[in-house]
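The data blocks that follow each hold one structure.
In what comes next, chain A is part of two complexes: it sits with chain B in the first one and with chain C in the second one.
This part shows the complex of A and B:
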């Protein structure tokens, strides 16, 4: 295993608010890692920073030793890259656009993914249900070949059949050496899929641990382990 | 397959494969499904399957053939040992529980025989 992502002492403020503070995180290649934390803990912001779509931070973020935002962007496939897309377009047109813009986007893979996920590409993006939208986002994200995949809440608000199909496409399509970081606030969806978890709380990563260690050493489920970080201060709201 | 989330998944997959061998779904010298296929069937990470298979190869239950995949061993003695140790594991749980309840070995044998008769009876009444 070699180190893929290295974040050291990352601090990020926006509009005078601290979003992340003194955050460190290391991910190896060939892993599926859960990024767990309550809503608003800073998971999405962290992904934006890794992907190079948020800037003006302090600390260092490197992927395969590369530090600049544009270098990182070329090694990452981020599920939020569909934000700002023209929602009136047909799905096939959006895929064509990605195929033109990103050299690492593989149209053949996209078509297979879309077929596996039963997505009708003649639909317009705006007409998609939440579940179909998440499936389409997943097909676009996995069709781009990358070292690091950032999946932001891919199971948010979807039915269990869509969830199963998305999980299957993650298992089937993850390139061998690539690492996938999946954020979620409801870990049971993905507990069986994870090599490790990183828990975000109070604007930082409070722990990072392998799934086997949690089960073997602590004798805990990932869910219990995750919840234990939030239970301690149930009454202390700031 | 439903996993117990408090027990490492690779360990539960080892048990699953051993069970498939014991009940004859995988026979000696059979090729077992490819890693990614198993991952999809069991809805787990490929790394988890690889760890489970590597340990089973190490235990002499599976044999890895380069470029061809993983096969159940032809060593029937080894497979019998595996079955025996899994049965023993289950008996150990029952034995320890009943010992905690201060049941004597003689009572255990009698209770177990009675229980088996009762289950047999239930089956026939189905």
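This part shows the complex of A and C:
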């Protein structure tokens, strides 16, 4: 396994609030890693920093040894990359824009993904239901041939059938050497997919472990392991 | 990495949707005007003049529509995540906006010429000097519009940079107060720079129209100085904009 993502001493503040402090994280290639944490823990911010959407931070972030924003952007496919598209456009027009400006976007793969996920590309983006919107986001994200995929709560608010289709697409379309970092606060949705987890709490990554280690050494399921980090807090609150 | 050509053509194609929409609306207004004229038994001889007014309004509207589209690029992931440096993204975005405006202007001028067919010959008797005035004037016209877009970007990017350091509560109130402050400061700086370059321009080109032997050459000289003046200001403001974009301005966040 080769090191793909390396984050060292990352600190990020915004609006007079500390969101991440001294965070370090290392991901190898060819993995599916769960980024777990409560609402507001900083999962989305961490993904934005990795992808290059957020720029004002201290510390270092490198992917495959490259640390400039544009180099990182060329190796990442982030599920939030559809933010800001003209919502009145037809889905095929949006895909055409991505095909035009993102060199790693594969139109043929996108069309196959869209067919697998039963997305009608003649629909307008604005008219999509939440579930179909998520499916379209996944089709666009996975149609990019990236080294690192950042999937920010891909199952948020969608029905179980759509969830199953998205999970199947992730498994089927992930390039062999690529790594997927997938965030969620409903661990059960993604537990079976994961090779490893990183837990975000108190503005930092408090632990990073492989799924096998959790099951064999701790004798716990991923869900129980994750919840143990928040139990103490829950007890205090009670 | 995305090439500059792909970026510009991608953004240009997006903006053209509005170019065609604005052209369609201006043609519709022209049709309504012509219909109204005919219904009242009047002659269509002044339709070219009518379209001149419609075209002016359409171009002002397009200036602001393109400004909005220009600004979206700085704060949305679908643009900022394009694998290209922020400097190239800034330049490419501005070029796409300028090209769209030129494209829109050309379409409008063609419609204006069609409306004026039969009234008078537009280019029939243009001399070389008049052509020089026309081309230097057009260049200054485009640069003055570019200046507006660059200026709007500068105010917006300064505001976005400052907003990151404000507390989340009462953001709207702070933003209004800071917006006013930023506009005043930017205008003050702009006036100082303008005064400096204005003096410089006057010293280097004392413009004297008394001789009128070649007034067209004099006018092109004025346009030339104006063009240079706008170009320098645009470059200075763009350098500030690129710095802000690279170091401080982030995309909007959506919470899940």
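Throughout what follows, the second predicted complex is superposed on the first by the 234 of 238 C-alpha atoms of A that agree within 3 Å, B and C clash if a C-alpha of one lies under 4 Å from a C-alpha of the other, contacts with A are read in each partner's own complex, and residues count from 1 in each chain.
In the analysis below, a residue touches a chain if its C-beta (ideal position, glycine included) is under 8 Å from a C-beta of that chain, and two chains touch if they have at least 3 such contacts.
These figures come from a predicted structure and were not determined experimentally.
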{"item": "Contacts of A:1 with chain B and chain C, given as first, second, both or neither", "value": "neither"}
{"item": "Chain B or chain C, by number of chain A residues touched", "value": "C"}
{"item": "First, second, both or neither for A:194, with chain B first and chain C second", "value": "first"}
{"item": "Sites on chain B touched by chain A in the complex", "value": "3, 5-10, 36, 39-40, 43-48"}
{"item": "Of chain A, residues touching chain B in the complex", "value": "30-32, 164, 167-168, 171-172, 174, 188, 191-195, 211-212, 215-216, 219-224"}
{"item": "Parts of chain C lying in touch with chain A, wherever the complex brings them together", "value": "1-3, 6-7, 9-11, 13-14, 17, 72, 75-86, 164-168, 171, 246-256"}
{"item": "Of chain A, residues touching chain C in the complex", "value": "14-17, 44-45, 48, 51-56, 68-71, 73-74, 76, 78, 80-86, 97, 100-104, 152-153, 156"}
